[in-house]
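We just call them A, B, C, D, E and F in the order they show up, numbering each chain from 1.
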């Protein structure tokens, strides 16, 4: 029997299929009865599961992160879909079709990485070229870059999302920058490449995406500069040439200022043309990505409009049904 | 003797050449002596002129807007260049090389208009196409569009600037929009075309650019919708077909929301993907244009940085001298 | 048996009477049982109804908007009154006393309309008089104006509320304006009349009050100007006289600026004395109406204070109990 | 020769008439020459005077506040009118027509006071009546109330302005309050009477209006409550009856909250209907008064618009010239 | 059997012990069954209690504020601990160990009062000394000061908290003030003593801490000034000496401005060095106290971080587990 | 003849003494005459000098930074003191008493450094101790730290000011921290030591204090973290022990968050108790220092109040004259 992706589920479906147990809690209801509260996930999304009249015996048969086979039925509760689970069986990972669960799209990542290399290959400035080569030779970096998410919620909030967003921005740089004669396209291209790399350490992108301690205490902007400084040092020691001080400050400024305003977390606002361009290009891609994702995941019944989303302070037009 | 453009003047130059008298005032200094305060202009810019010990006789020989031949010397006063005028003679317009004074670049406008037609020709949606044809057939509109400025100060603040900014945005739409599958490129292209057309009536673009009464009382966003409604009516009456109501509201929304936030003057914030894209593309082009113009016109002595500009709350990096 | 209005219901009452089914949903509870969630309304207000152990059979006997006879009992749940419904029977509209359900008070509307005509009759400025006559001759306009609400929630949020608010403001203009010698009372009176007319198209005032697509995309301020332009054109074509351009801009400005600040949705802030007066008079009437309605509908047990209302950021004093 | 009021002066007038020397300074110019800088005033306004080539001899012939006879000529300097004074002679106050200098309009104040008494006579609530009688019996209070200004700049910024503003507001209460059934008109009337009385001690209203130390350290809102508490104590001791505690808090709340928002200096925001009404009525009268005064005192050459006034963030429409 | 303090309770404990019934409500659930909702408290905190299948008989056996003996079991519900109560018995206060319930720590208060006297004894300025002696001689004041809370929620929100916070601040003044030569330590010490005394009347500190009517209508800043004025009058009448006017204004200013900004409720911002110091010292102690209390009462499972607290807009680091 | 410090100069003094020429410009006045505009400085302050009728000959006899002997007279011009210079003679530095010009107070710096060492010696945490020892052994660091200013304007804006401010804060930590049991005093002490060290590279503290390019592009917060990372690396390589990762993040967080809010330039807001304490202690010392300096340097004639200072949005009380 073929599996239905979580995103495709609708009200009143009877199911018996695999899920990943993203979270589990044993709870007691008001009358003293026990039940298991589940967070079930696959690559398409997440759904709450409730198993009534459950107890420690069932609860202890599987761990968070395990694959489980669940039988039950979907229903709408308080406007959200959930699943009433009547039976749970732990699965051997070998039984599972990993393509159902792997939110990371390896093909897309591979293709994004190829495009990243092509775009970086357009850089002719020797010091910038030497710097990006240092990054591209660092396999551990490439590995973690490929897997990183760009956010916990919001735009590109999935493993591989950081690379996707980065390559998108670099494409926009390639298209837009030559139209503005005063922009240094090489510098702006490297800025787009570097701007969010601190997110690799700010976020834990496997399992539930969440902030690391370092991420919460220091933040991706400062981490990004720290990372850049390490890579400049590697570049210098590999080449034996000093990296130009002013160029270093230009790159640091692009990372530091890319949120555009101090109230958005940039300790310095953009003061170079490239930094101003980077901030706006970042905004353009991030806003279009997140608004598109809000429209696509919206479940409002009204055909023309999404629900009101407090994070963006508005309902969005979904198009005439 | 060849004429030196105002933008090219430096401290301590002796001059005897043509200017346009943008403004003139006869004043009395503290000791009771009279002098003439002039605003001298050519197409490259504006400079203050002072003629000491002048009187009504000289003052009455020319009017505001006249071309005058001025002799004198430049000097720095309070950080700005001015000209001490020792002699003034009214000129016959025929004596003047009009290319020295005409701030409107007809060739650029012509080429922008051609590009505008090409970009609008990409529209395949029949109702949108019919609408833009109505605009393109309206010679009076094209004439005033070509001559309009996009602002009093700030970005594209010169005759022809509105067309320049509009075509720039449409080019960005052409480059960027196809990368985002959910965007309706035709709709976005027409939105870019329409978004600032209300400025034709909001600003008086000949002579000193300034706001019209209608501009100050009603503003270019509402005027832009009024204009659009007239053109839709013309389109309907020309074709005999009703313009689709929902499409009309989409276009009105693009005009109404393009400033992005109510505090920036949009009575409604963007709620369609095209409106969100339009707001960000507008921002990108406007900010790059205005920051570039601030850098280019900055007169700070310090090689690396412009002066502090209160309107943008920062100094800008001009590049290492 | 006489019917008890929803507003008059208290905890623990046993009822068997008519309601209108403003909304109905068939839901499944956590244990898999079905129930019907109802929104019951009459002209005095709205109450949630729950019918436990219901199924499709009952659910399908009536539609949204139908009148139904419900038996059951009221109770407090989470601080709000609800009704546990044990029996539902669809009613023939002829069985219902329409005065119990019609939120629109026809007598009040009639009397408001009469007063509107009287207040507009005070206008002596010929062009303004001609304009308001055009409105007053438009029966379709008068019909929809009478039925329109002034808001979805907040002040005057009921059919007829727009007319009520408009006449209130015009009364304040009549009382206040002559005390300020620089105010043009005719202009201000017409401004009060026009300021919110765009709400007729912004809101769907029958059934649940809600925003129309046009309302959400364009907003009542711009719609109000569009409507005004149509009526000015009618006035011109009826009289054969051009409406003075400056006067048109004054009226448009009153509509455009009446929210007072851009962050409240006015694309232009008030710059004429009449516009400043209109903004403050609107505020005065709207705030008194909405605060009074908050006090009257508050259900807090504490005798002196309402609950905290997030929309106004405070508790209100209800008076010493 | 009849005297020309300062407000009536224009450029290039030759004068020989009386002024009051609001201020005088002996200065040295860059070349070492001495001159006297004067602030000349009459009841209609203030003008700067310059006496070149003056010295201690002339400077010492009069004091600040003296009446002086000045000969000279007016001129525009940096957009403002000033007077070049060539001769100064101290005048005996007896020589001066005091009606030329007295900014305080005794007739207007008398008539305002009469109206104040009439409006307060409408109060039927016995405790409120007793309280206002205590104020009305306090001759020293009435004297200082009559002479007080309502502001240093801005609305009603002249001796007598506080009484004028207070009576205006009480008139608005009389007209508006009965239209809103939930408002306690007596309470609101006394609130309007009391709301700004703290300004009597906050401002020094004779000579140049300025803040007192107490005004800057404590502010008129807290002073107003202090004053009220004193008057309540007097009322109690005169009548032998305790003033009701709750009523006292209502009155204190009206004074405390009348600025409407904490950022405008009210430590508590309005939470009673009367306090909300008072805040809006205050705003209405204050804004109309200050915008009218900006229009009337504006000196912009452009016939339709005032200059841009930073304090209100806009230009105002003066009406078509 | 020894009693477990509420703060020490954990999930799944079976209990039979004393509580105070801070609140009780008889409710009906969706199926029509009745239950009692309790707020149980002891000195360590508060917990929700639910007694299912209860009725009026049980409900009527005790009143709000009574001590009751409850049997039952704890459980986690929606992330918070609650108690399912199966049996309730009203207790005679004599049966209860009052040290379990008295949130007021008399020893701590006594010791704080002693320290307060010591710190006030350091004041050498004669008028300030006379003033604080008036306070210290007022037994009723000392009694209510000792029992007062400093807030409803937030920092020092318990009986005795106001004294605790006040003494803390006075200690900081003692330590810090002498390091800044321009500060008047006596004045600052009295300012710290006085700054929040208005809270004695703003809050009802016995039982549930809540705002009084006077507190909501007038606020502790204005009440604090009223109280100060009364005490200055007492001081004057006791000594026969006038209290210096300027010193009075300095003290009033310290109370009036101690919130630092108008938007935080200070009608005047600090303009004396002592007022600036007082604002920052208040902030330092209040923020450290409230953040510490948030960390200590946080129940998040994650070892390193508290939950997100909207009131402070962040999660707090609890230290590495 | 003894020299008068610039701060001690008053109106109308005749002088003949040494100054440092901080700046010089040769200018042409409106009538075409040349003059020299000087910025004259000594350790107490700065004054504008004007030498009329000067020419290139005089102008070329000295350079910016030279000591010059000036004769002339002081005068008030536009409310500020300036000096009319009649004679200029370049001086040999040997002729000058360097104590008149050296704004850096070596004794104070020495004593601050000693106190810094004492305060750092209180640290018992081994890793923190090892880290501060690395700093203390770095002579180049100590040298630049001693000379650094803490700001361009505002608090501690003089060479040595950074050390002064740092030691002040560390003293406050020593006094305050032990009173709050949850604070880690060692961590907070090191945080106070580190928090502003990035200013060493952000500002050029010799001559006119100004921002470096790196300072404007990257800012002292990010530079501070970069510096810290270098010193941790040195500490690790000196000791052979890894610095604990979590401790590193705690220190980085203290630097990153010490401005308290993102809008003040901190990319992360404080989330540890030490970070919250550091932010408030920084504020307390910085505000008291800058407000004291505003009072001390204020030149307002009114005895009780300073002028209005836009940077702090208020006048300050100077004390009763």
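Brief remarks on what is shown
Simple rule for what comes next: contacts are C-beta pairs under 8 Å (C-beta built on N, C-alpha and C of every residue); 3 or more make two chains touch, one makes a residue touch a chain.
For reference, the UniProt names are A, B, C, D, E, F = HD domain-containing protein.
Worth saying up front: this structure is predicted, and the values here are computed from it rather than measured.
Relative to the C-alpha centre of subunit E (HD domain-containing protein), the farthest chain centre belongs to B. Comparing contact pairs by residue number, the interface of C-D is reproduced by A-B among A-B, D-E or C-E, since over half of the pairs coincide.
Under half of the residue numbers at the interface between copies subunit B (HD domain-containing protein) and subunit D (HD domain-containing protein) are found on both sides, making the touching surfaces mostly different.
Spacing of subunit A (HD domain-containing protein) relative to subunit F (HD domain-containing protein), judged by their CA centroids, is 44 angstrom. Subunit A (HD domain-containing protein) and subunit D (HD domain-containing protein), compared by their mean Cα positions, are separated by 61 Å. Residue positions of subunit D (HD domain-containing protein) touching 2 or more other chains, listed in rising order: 213, 216-217, 246, 271-272, 315, 317. Screening every pair of chains for touch gives A-B, A-C, A-E, A-F, B-C, B-D, B-F, C-D, C-E, D-E, D-F, E-F.
Looking at the complex, you find that subunit D (HD domain-containing protein) touches subunit C (HD domain-containing protein) at residues 168, 171-172, 175-176, 179-180, 182-183, 246, 269, 271-273, 276-277, 280-281, 283-284, 287-288, 291-292, 295, 313-317, 320. Those residues of subunit D (HD domain-containing protein) lying in contact with subunit B (HD domain-containing protein) across their complex are 50, 52, 73, 75-77, 84, 304-305, 315, 317. By the touch rule above, subunit B (HD domain-containing protein) contacts subunit D (HD domain-containing protein) in their complex via residues 27-28, 30-32, 213, 216-217. Residues 213-214, 216-219, 221-222, 225-226, 229, 246, 249-250, 252-253, 256, 262-268, 271-272 of subunit B (HD domain-containing protein) are the ones that touch subunit C (HD domain-containing protein) when the two sit in their complex.
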